[in-house]
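Down below are the structures I want you to see.
Presented sequentially are two complexes of chain A, the first with chain B as partner and the second with chain C.
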Partner chain A sequence: MDEITKVVRDYIIREYVQEGDEQEITETTPLISGGVVDSFSMVSLLRFLEKKFAIHIPDSAATPEAFDSVERIVALVRRFQKAEVGSV
Partner chain B sequence: MSFSNAVRQGYRSEIEGIKAAGLFKEERYIHSPQSAEIEVEFPVGSTIRKCINICSNNYLGLSSHPEVIAAAHAGLEGRGYGMSSVRFICGTQDIHRELETRLSDFLGTEDTLLFPSCMDANAGFFEACLNEQDVMIADRLVHASIVDGMRLCKAMQDSFKHSDMGHLEEKLQEHHDKRFRMVLTDGVFSMDGDTAKLAEIVALAEKYNAMVFVDDSHATGFIGKTGRGTHEHCGVFGKIDVITTTLGKALGGASGGCVSGRRELVEMCRQRARPYLFSNAVAPVIVAGALKVLDLISKTAERRDKLESNARYWRGLLKNAGFDLKEGDTPIVPVMLYDAKLAQDFARDLFNEGVYAVGFFFPVVPKGQARIRTQLSAAHEKRHLDFAIEAFRKVGQKQGVLGLGKKELLARCAA
Partner chain C sequence: MRAPPSCVEITSNLSWNVAEEELGHRPGDPINIGWMCSDRICQLGLANKLALLWEDYQGNKKQFTYDEVRILSNTIASFLCKLGIRPQERVCLFLDRVPELYIGFLGILKMGAVAQPLFSAFGDESLMVRLADAGTCAILTQKKHLYKVRKIRDLLPNLRHVIVVDAASTSLQQHEIAFAMEGVPPVEHFKVYPTMAESPSVLHYTSGTTGQPKGAQHVHYSIIAQYLTAKWALDLRSDDIYWCNADPGWVTGTSYGIIGPWSNGITQVVLDSGFNAVKWYEFIEEYRVTVWYSAPTAIRLLMKEGGEVAQKHNLSSLRHLASVGEPLNPEAILWSQEVFGRPFHDTFWQTETGCIVISNLPGITIKPGSMGKPFPGITATVLDPKTYEPVNRAGVAGLIALRPGWPSQIRSYWNNPAGFEAKFKNGWYLCGDRASIDRDGYFWFMGRDDDVINTGGHLVGPFEVESALLECPAVAESAAVAKPDPVNMEVVKAFVTLKRGFQPSDDLELDIMNHIRKRLSPLAMPQEIEFVNSLPKTRSGKIVRRILRCKEFNEPVGDLSTIMED
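Right after this comes the complex of A and B.
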């Protein structure tokens, strides 16, 4: 597991998995459609990603689909990391 | 014709999809007043049968109380059937204001505004009182009507893990830069029957300069020593900024709800809350009935005491029979089965044994958390509960779930 994946997965577990809940979060676990992440706290997730990885994710890209698994979130982060580099 | 065959087909396949997912809801026709014993036609066209009702919100048993019915009759005679108007045009009678004042006294708040339902109160409140400079921080298990209300509001939305005060504190710190912070919670959570940690929430709200919003629909009238609600139970009476609640459960069970709290917030709702502005005044007959309910429950705590003892008795019966229960001390007692199909089969078998209860599963509760939600009433007598437990035991045995804990039940579902 690479560093970005680990950071994102750890955050999801810390932020969303209720204490005592034995739910396992893998890279492909459906997060929003699976009821792990509620759409309201996507705001927190977005702000965490932007701060942690020093990127800007526009609202148009922050869709429930793009946040629906660790794998997709990591892809989103990579996409905007490249965009940041490209814009320098 | 715009409703073409293709359009019809589109909807039909969507409905089939709901059925295929096991999420199709069917109404059961009740041929009697709401009570502990009801007469039910199910499936449609079948013989009407008597059942013990263990799933209504008729917590205080006032839905068909003779004094409430008499007061409603008097209201009908004295103030008519309907108002044919929203409140601010020509829909406010003296009794609307009287009920609002009485509710403020009962709940210990500064002012109250009636809404057509608590669903409407929750749908209208946030948009009327908060804007893009503010944040709403909601417990993750709040009722669907609060979720809808949040969606209609421009304030930032965030949530905290269910009843996790450490997580709430982190969120309050995170949003220190907002104009207003509001913490949103149910008083009693409708699916789990647990109670919000209101004393801790109020303490955190004071520390971080936040307002507290509580939907007390499953508490008003019976939680707390004199039934005022979760704030009374938690020792923070008078410290909640906004309480929304319903007349549609313990308080007679007809319909109608309210926003009750700080005078300025209630006034903002009177000026801006769309469900208040654009739907009819609560019917006079309901207002008159609700006033009588407040008379009855202000005079004595007898009914809420009986409800409390019924809940304790029922919980003990279920535990002794070997069911896996959600812990709590409210009249909502969820019997955990975890599997959606099992919950549906269980409810069907109970009905065949003369007990009316309903299975709840995703999306009403989280995936893998299916259950039968049982709800007690002051209208239940010991004999009703003794009859019901026999049915539960029989069905539990048939389904092979007695004596199984969460792990075993989950393993049984997976098998």
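Right after this comes the complex of A and C.
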């Protein structure tokens, strides 16, 4: 598991998985459709990603689909990391 | 042969007696929603008709006929009776959208207790406040939510039973009981408690400007209005497959996610899943959904994903679309016409009304952006905010008001009759919203008349958020107001002053957001936190949210003469 994946997964487990919930969070576990992350909670997750990885993710890219698994979130982070590098 | 009358023609002569006759209810006789929605449907010869088709996000599926709903709700009712729960005691449903929620709701009502559904995403503080106020004696929950109940258990002396519906591998503590609805002997016959028209049925909590949430007290007679409005405003017909997106933790999810469809003997589908556009379209396609009752926030999220996602699916089964929760913007109606080939019909009502009171009935000419017209049998107007007299002039804004007396109007707020009385002025019930009426009698929503925040169709009380904000060690003072949002109409924004020694930072903002999300709910989490040096206050020291809200909406702040200069 690479560093970005680990950071995202650990954060989701720490902040969103409830105590006593036996659900395992893998890279492909449905987060929004699976009810782990509510669509209202996406804002705080977005803030975390932007701060942790020093990127800006526009609202148009922050869709429930793009946040629906660790794997997709990591892809989103990578996409905007490249954009940040490209804009320098 | 004369064509059948349109819905508009039918409803123009409405008397609520129509519903009494169709439901076979005679004034003075017992009336029980649980029985009406299960046993009565079986007696009509529909025992083998599907009542519920259920699926979760993992693709697990279950289905229940009306006879199975009847027997399983008997089983739950009998179980609750054996625990010693008595009629009129409050039994909370703190469950995701699992079958036990829908069937348990009927079971609670059948044994005469009061069903208190609560949104399962609530945090422990939100749960505690509502259970304590209601003096709830039992709670049905799932093992995934048990930790929240355990956190507050010692603070709730009236809570005698914690019933876990999926406790198979969970070690339970004292006063926690495992109950597997489909794993215990079914109860074929149960003597339904003879509740009367005015017997309490459902307690839904709703937020106000001041104080903690209020318990809106519904009665069994509400079914008269819920049955008829589901039939006419949602256009439910015997062969429909109906999907209501709402969670029964909120009033739409009980009035039109349980009582409305099942009292009409309709087959309904439930998807226990968060939002996912592709999954939703697949669901409609697979189950051949014909009537879809959704919400503007969901529609705008679908719009955000794009019409091409919808066009990859066969959605031709859809016959009637309706929406509730907040005003439906004209763009959403036009988009729906383009993508689904038919418009969403906006409906307006609230926890306190129990049923749709203003709507775009099937067959009406829709004016995109309008709430529609009063449902026949409902007298609605807008009042001058100073005199509380009807405005009687087209296009002039006033307070939306209803003449009391429709069947599903709440009878009071739990433990708070004064709060309920305060909702009435000059013989009218005030909804707390502002609107205007045009020359054709259509209502046009203009906004709330108070500080309550309508986010994604759910009301959030600022007081509750502010109280939770003050629990954060860094926060000295706080104000929670609505901020406009393109998807949710409004979201919560918090203004915060910090205690000495604390500095604004991104980390602090995130900590505060997460605190509110876990303590209250994701809905109540501020989507933005602005750190300020001071908050606007009256000379007596009361924080004036109005000024902050007006700035967010770019509206004039009005009279500032009572505001203390900083």
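The rule is simple: the second predicted complex is superposed on the first by the 88 of 88 C-alpha atoms of A that agree within 3 Å, B and C clash if a C-alpha of one lies under 4 Å from a C-alpha of the other, contacts with A are read in each partner's own complex, and residues count from 1 in each chain.
Here is the rule we go by: contacts are C-beta pairs under 8 Å (C-beta built on N, C-alpha and C of every residue); 3 or more make two chains touch, one makes a residue touch a chain.
The structure displayed is predicted, hence computed values, not measured ones.
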So, after the overlay on chain A, do chain B and chain C clash or fit? They clash
In this superposition, the partner of chain A with more touched residues, chain B or chain C, is C
- Which holds for A:S33: it touches chain B only (first), chain C only (second), both, or neither? second
**Message:** If we overlay the two complexes on their shared chain A, which of chain B and chain C does A:Y11 touch? Say first, second, both or neither.
**Reply:** neither
Output check: A:F53 vs chain B and chain C. Expected answer is one of first, second, both, neither. What do you get? neither
* To do: Could you look at A:P64 and tell me whether it touches chain B, chain C, both or neither (first, second, both, neither)?
  => second
Running into chain B, out of the candidates 135-143, 225-233, 297-305 or 369-377 in chain C, is stretch 135-143
Dual-contact residues of chain A, meaning touching chain B and chain C, are 18-19, 34-35, 38, 40-41, 43-44, 47
Per the touch rule, the chain A residues reaching chain C in their complex are 15, 18-23, 30, 32-35, 37-41, 43-44, 47-48, 51, 63-65, 68
Note: in the complex, chain B contacts chain A through residues 138, 140, 147, 150, 156-159, 161-162, 164, 171, 174, 362-363, 366-367
Listed in rising order, the residues of chain C that touch chain A in the complex are 57-58, 96, 121, 143-148, 170, 272-279, 301, 304-305, 455-456, 488, 491, 506-507, 509-510, 513-514, 517, 522-523, 525, 527
As the complex stands, chain A meets chain B at residues 16, 18-19, 34-35, 38, 40-41, 43-44, 47
